[in-house]
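Both of the next two complexes hold subunit A, though its partner changes from subunit B to subunit C.
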Partner chain A sequence: MGRYLLRRLLQMPFGLAVVGSLAFLLIHLAPGGPVTALSGEYATAELRQEIERRYGLDRPLAERYLAWAGAVLSGDLGRSYLHKAPVADVILERLPATLSIVLPAAFLSLLLGGAIGLLATRAPGAPRNMLAPVLALMGHMMPTFWIAQGLVLLFALKLGWFPVQGLDDPRAIRPELGDRLRHLVLPVTALAIHQLAMMALILRAALQAEVARPYMVTALAKGLDFPRARRRHALVNALHPVLAVMGGRIGATFVGAIAVEIVFALPGLGRLIVSAAINRDHPLVLGIALAVCAAAMLGNLLTDLMMNRFDPRMAIDRDETSHAA
Partner chain B sequence: MRPDAALDPSRRRAARWGLALLAPPVLLAVLAPLFGKPRAGPMLAAPSLAHPFGTDDLGHDLLLLLAQGARVSFEVGGYATAIALLLGLALGLVAAFGGRLADDLVMRGAELTVTVPPLLLAIVLVGLFGAGNLLTALALGIGTWPMVARVVRAAAYGLRGQPHVIAARALGVSRPMIALRHVLPAILPLALSLTGVLFSGAVLAEATLSFVGLTDHTMPGWGHIMAHAGPYLRDAWWLWFFPGGLLVMTTAGVAWIADAA
Partner chain C sequence: MHLCRFALLPLCLTLAFAPAATSVVAQQPLTVVAAVAADPGHLNPAITTGSPTHAVADSLFNGLVVLDEKGEPQPDLALRWQLSEDGTRARFELAPNAKWHDGQPVTADDVKFTIERVLVKHHARTRASLGPVLDSIEVLSPTSLEFRLRRPHPALIQQLDVTEAPILPRHVYGEGDIETNPANLRPVGSGPYRFESYAKDDRVVLARNASYFKPGLPKPDRVVFRVIPDGATQAQALAAGEVDFVGRVAPNEIQRLQRSGKVTTTDVRFGPGGGNCIMTLGFNLDRPSLQSREVREAFAAAIDRRQFVERLLLDHGRVADAPISSGIPWAHAASSFPASLFDPARARMLLDQAGLKPDAQGVRLTVELVQFASFGRYADLLREQLGAVGIRVQPRLVDPAAMVDAVFRQRAFDLTLISYCNGTDPEIGVNRMYLSSNIGNIPFSNAAAYRNPEVDELIAAAGAITNRERRAEAYRAMQQIVVKDLPYVWLVETDFTAAWRNELTGFAAWSGQFAERAARR
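Right, the complex of A and B next:
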């Protein structure tokens, strides 16, 4: 176990180095550059040269790569061109808004999605219900931002129960907790609807396979009623695929929050990524990419460890345990 | 794909529903060139006979805008699916038949690719290289090929011990030929069964990209139209209802047809 963990932890920096280097190369191959974004389209040649000199953009690519890689290795992600601040600070400043919708949504979706997935599982041969198609509709087919706009339309604009956007009431003198929570209800719901549907679908699919197995027949034959057998016996065995899929989606969850942040005008990471890419803010794009990938890799590792813990059938030495699809 | 699929009434029902859902968006996409460019009319007009889906804040007929958007969705979805399938099939077969080194390289590449969320990859690529149907599709296809490659590789590995493959090897057929002639036809249906997931995923991703503004502004996708609707939601429900409705009809239709196939 210790050796496995060590090997996986040692693989992470290597993976990050490859992703980071590829991203660096790709970003500098892209047409247009930060100079135009910084100086405007009608800048004089002198101003452009001055900007190039100041940000070190006139040096050869290899030299810039080595400088950047060296800085990253010593924990310095560089300075954002546009925000005129260290990349790490810019990211950390935006992180709370994103986490304040991603974490509650994840919690809700695990709990509610799990419950719905459990209850939606039928005994083998029982008639179908409409729950699965409806869940699939919410989880796979509706874009999150459409759900978010629909919630705004109904609960904010028509009914007036919740504020339309933002994190705090702009008229408030200082942020209040109750007001903040009221602002978070709709974004969290929008994000959670999508995720809990996914969670419920995966759990249901896994459970549906488990309840057809001989041990369930035995449990039922011994007089256990179906709901109890489903919860006591099938659920534990069905957790494995759920963990695998949900763990692999940690990175995607952050990115999925982008559209919700835009609908509700939340100052989160998502909008930062988009504006950084459009404005050619190279250090910031690279910093965010590295951060999201590191989070995704940690998520995968955590998932694999948990699966090994839950499922003794999985030998710890096997390396085919990472499935993040 | 399954031989008994045609016999199962519930599958046939699902396929019929899927086709019914998919038909209107497809029709819009096909007819879009006939409609021509949307002309300016009354602003934010509610749906009426003159403008069946209403008009947007600039007075464009929403039906015509959405018809153009349908073309974007289907083109990006189609290209992205084709790119992911081609890349996945090629790399999956290389992994299965190209020896240990090729296998390692492809599988490590797949692992690295899936640590980057596909949407993040697409946002960065489209943000840097610009939007356009092919570019957007390329960005999406690059993010999703590992899904295909893994399935193809696993299936190809399973086929290596099959009698017809062993026979071909005994006859001295080269490995690339075995992969193309004797293995590819057998795993093609499996790879194609991912079409539905890939296509609806790409359509949704394109909508999200154009929602956040990463789109070709001369030919806005459905997502862009919905982003535009934001400030007018209070008065113009149709700007929210119709684009999203068409999008859901497309993804749901494709998914149901794929389920039944």
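Right, the complex of A and C next:
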């Protein structure tokens, strides 16, 4: 187990190197550079050249790549052109806002989506209840920004239950916990609906396959009622595909966060990604790419470890034990 | 009985003090929450022309002058000024009681430092306009100074407001590289508000400058700038009362806000960082197919500009009936390019004469339109109108960096759509579109690559004299020529719409210092 973990962790830098290099190439192949964003609309040719010199944009691509890669290897992500601050600081500043919606949304979707998926699963042969799956499919099809706008129109503007935007009331001298929670309800819901629906759909599909297996017949024959057998026996086995899919969706969560952060004007990473790309802020785009990639890799690793925990067929440490034997 | 009396007591007290309570509300501290579309990044308005920085930082600083509603200069840090006969010297007297937020006095030395060492190097617009003409600034006394110019610069005074020429304290910004000065994030200015806090992508909080040199100002106690990137969210926050002021309302939100009955809206022609903007269709004159004047005239005749005003601007703007904006009335050659030029039959005839006959699909000519994605609805309407006479428009909608690269560096376009802001004087934002010396890899320069020595001469002549009537003559003559040559089709003059909650009043929506006089109604 320990050796497996070590091997996976050692593989990460290679994955990051490949992704980072590809991202470097892509952002530099995109038309236009950061100079217009830096110089404004009225710059003279001379000022543009000055800016290019200042940021090393006049150097050949290979030279810039080597300089960037060298700095990254020594733990320095560089300085953002536009924010004029270290990339790591710029990213870390935006992290709390993003986590404050992404984590509750993930928790909600696992719990609620899981419950819906579980309860919507019927015994083989029993009449199927299509309400939950149809609703879940609709939830999954609706784009997140559209859900977000709909929630605002209904719950903020029409009913006035929740604020339209932001993380707290800017008129308050000191932020209060209740106020902050009230501000989180709509963005977290908007972000959760999509994942929740997906969770419910996958779990139901996996469970529906599991409840048709012979071991369920055995469980029912020994006297368990269907709901209990479904929860005790089928659920554990059905978690495997669910974990595999949800673990691979960490990157997609950030994409959902972009829409939610824009609609609710939250100062998070999603908005930072968009503005960095539009302004061709190369170091920042690359820094975010590496950070999101590392998060996705860690997420996948965590998923694999959990799958191993739930599913003995995955036995990560089998080879180690066989060597020992 | 006693219980009953006690129960009534609070009610009686409330009634007794009701009038007093109302006046307490009026005296309660006023926080104005203003929505801005983008994070300012930093708060030094002297080293950037970027509107996100200016929208916030202009409230922290002063210029030598402030522009009134008509764009005319009024006293700010400078109480009075005088131009020499030949227009090469300008003398300014500073307000003796103006102080920086750290208590030090504002001096002529600060002005000299800011203009000579910061603005003409780091502020792109002021560098382009004042840089070539400024010889030196002489400090005559702690509160008086003189600009010495190489030649007359008629737009000088207009360009010394807080957006074009914010004055910085030398003792704070004078040491080291100004780009990395820590005060860029913790600014010290002389303006109506002092810096309190800045959370990136979230908000900037400013507090009232109690020792401001203008008596009785500013009125609000705090101004909070909330970064809200989405136009729909800005409008919704305003309608819900979470935000008090939106400087630039998204055009498709204006009607809904007006119908809500909760906000006051006003159309303004200029604001911090630009104004008097004309949405302009530019031809790439390097393309053989567009070098014929008749073909370009056919484009102009095929476009119904009134539809742009009605359908896209929803009447918040006008047909551009001259190349120079009607917001600069003395230079504007009214009706030199009237809306009545729309004549699709004539467009077809001109295309026929140019030998561009329709093919089997009715297409005479295919052109690529490269423009900002955010102006997408203009592309739709252009495609519809030009398509009706057989000109097929293929829009390529891109982000700003890619647009500048395609149009100004690679020149890979047939048509482009640019919002050219004229500013408050043609020197600021008009000349750049026509000067043959301003072609090349310079964003928002002469996109058409238009060359006419006569126009070059008229622009130079208008810039070398200070007499406004004689300048106006030169600009009118210049407009007659460019309307004949048609390097561009001037579509519509666009206004900004500002909006604020009905409970408040006194906003100066056109000015960088918009909240100085805001108050409860």
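Here is the rule we go by: the second predicted complex is superposed on the first by the 307 of 325 C-alpha atoms of A that agree within 3 Å, B and C clash if a C-alpha of one lies under 4 Å from a C-alpha of the other, contacts with A are read in each partner's own complex, and residues count from 1 in each chain.
By definition in this document, a residue touches a chain if its C-beta (ideal position, glycine included) is under 8 Å from a C-beta of that chain, and two chains touch if they have at least 3 such contacts.
Source: prediction; values computed, not measured.
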Exercise. For A:92, select first, second, both or neither according to whether it touches subunit B, subunit C, the two together, or no partner.
Key: neither
Self-check item: Contacts of A:39 with subunit B and subunit C, given as first, second, both or neither
Solution: second
Self-check item: Partner chain in contact with A:278 - subunit B first, subunit C second, else both or neither
Solution: both
Quiz item: Which partner does A:293 contact after superposing on A: first (subunit B), second (subunit C), both, neither?
Solution: first
Practice problem: Please work out whether A:141 is in contact with subunit B alone, subunit C alone, both, or neither, and reply first, second, both or neither. | Solution: first
Practice problem: Considering only touches as defined above, state whether A:73 meets subunit B (first), subunit C (second), both or neither. | Solution: neither
Quiz prompt | First, second, both or neither for A:126, with subunit B first and subunit C second | solution = neither
Quiz item: Should A:31 be classified as contacting the first partner (subunit B), the second (subunit C), both, or neither?
Solution: both
Exercise. Go through the superposed model and pick first if A:157 touches only subunit B, second if only subunit C, both, or neither.
Key: both
Self-check item: Shared subunit A surface residues [contacts with subunit B and with subunit C]
Solution: 30-31, 149, 152, 157, 262-263, 271, 278, 280
Quiz prompt | Sites on subunit A touched by subunit B in the complex | solution = 15, 18-19, 23, 26-27, 30-31, 136-137, 140-146, 149-150, 152-153, 157, 248, 251-252, 254-256, 258-259, 262-263, 270-271, 273-274, 276-278, 280, 285, 289, 292-293, 296-297, 300, 322, 324-325
Quiz item: Which residues, counting only subunit C, touch subunit A once they are in their complex?
Solution: 31, 33, 38-39, 41-42, 48-50, 124-125, 127-128, 179-180, 184, 199-203, 205, 224, 226-230, 232-233, 236-237, 239-240, 242, 274, 398-406, 432, 440-444
Self-check item: Of all residues in subunit B, those that touch subunit A in their complex
Solution: 111-112, 114-120, 123-130, 146-147, 150, 200, 204, 207-208, 211-214, 223, 226-227, 229-230, 233-234, 237, 240, 243-244, 247-248, 251-252, 255
Quiz item: In the complex of these two chains, what residues of subunit A are touching subunit C?
Solution: 30-34, 36-37, 39-45, 47-48, 54, 82-84, 90, 93-94, 97, 149, 152, 156-157, 160, 163-167, 169-171, 262-265, 267-268, 271-272, 275, 278-280
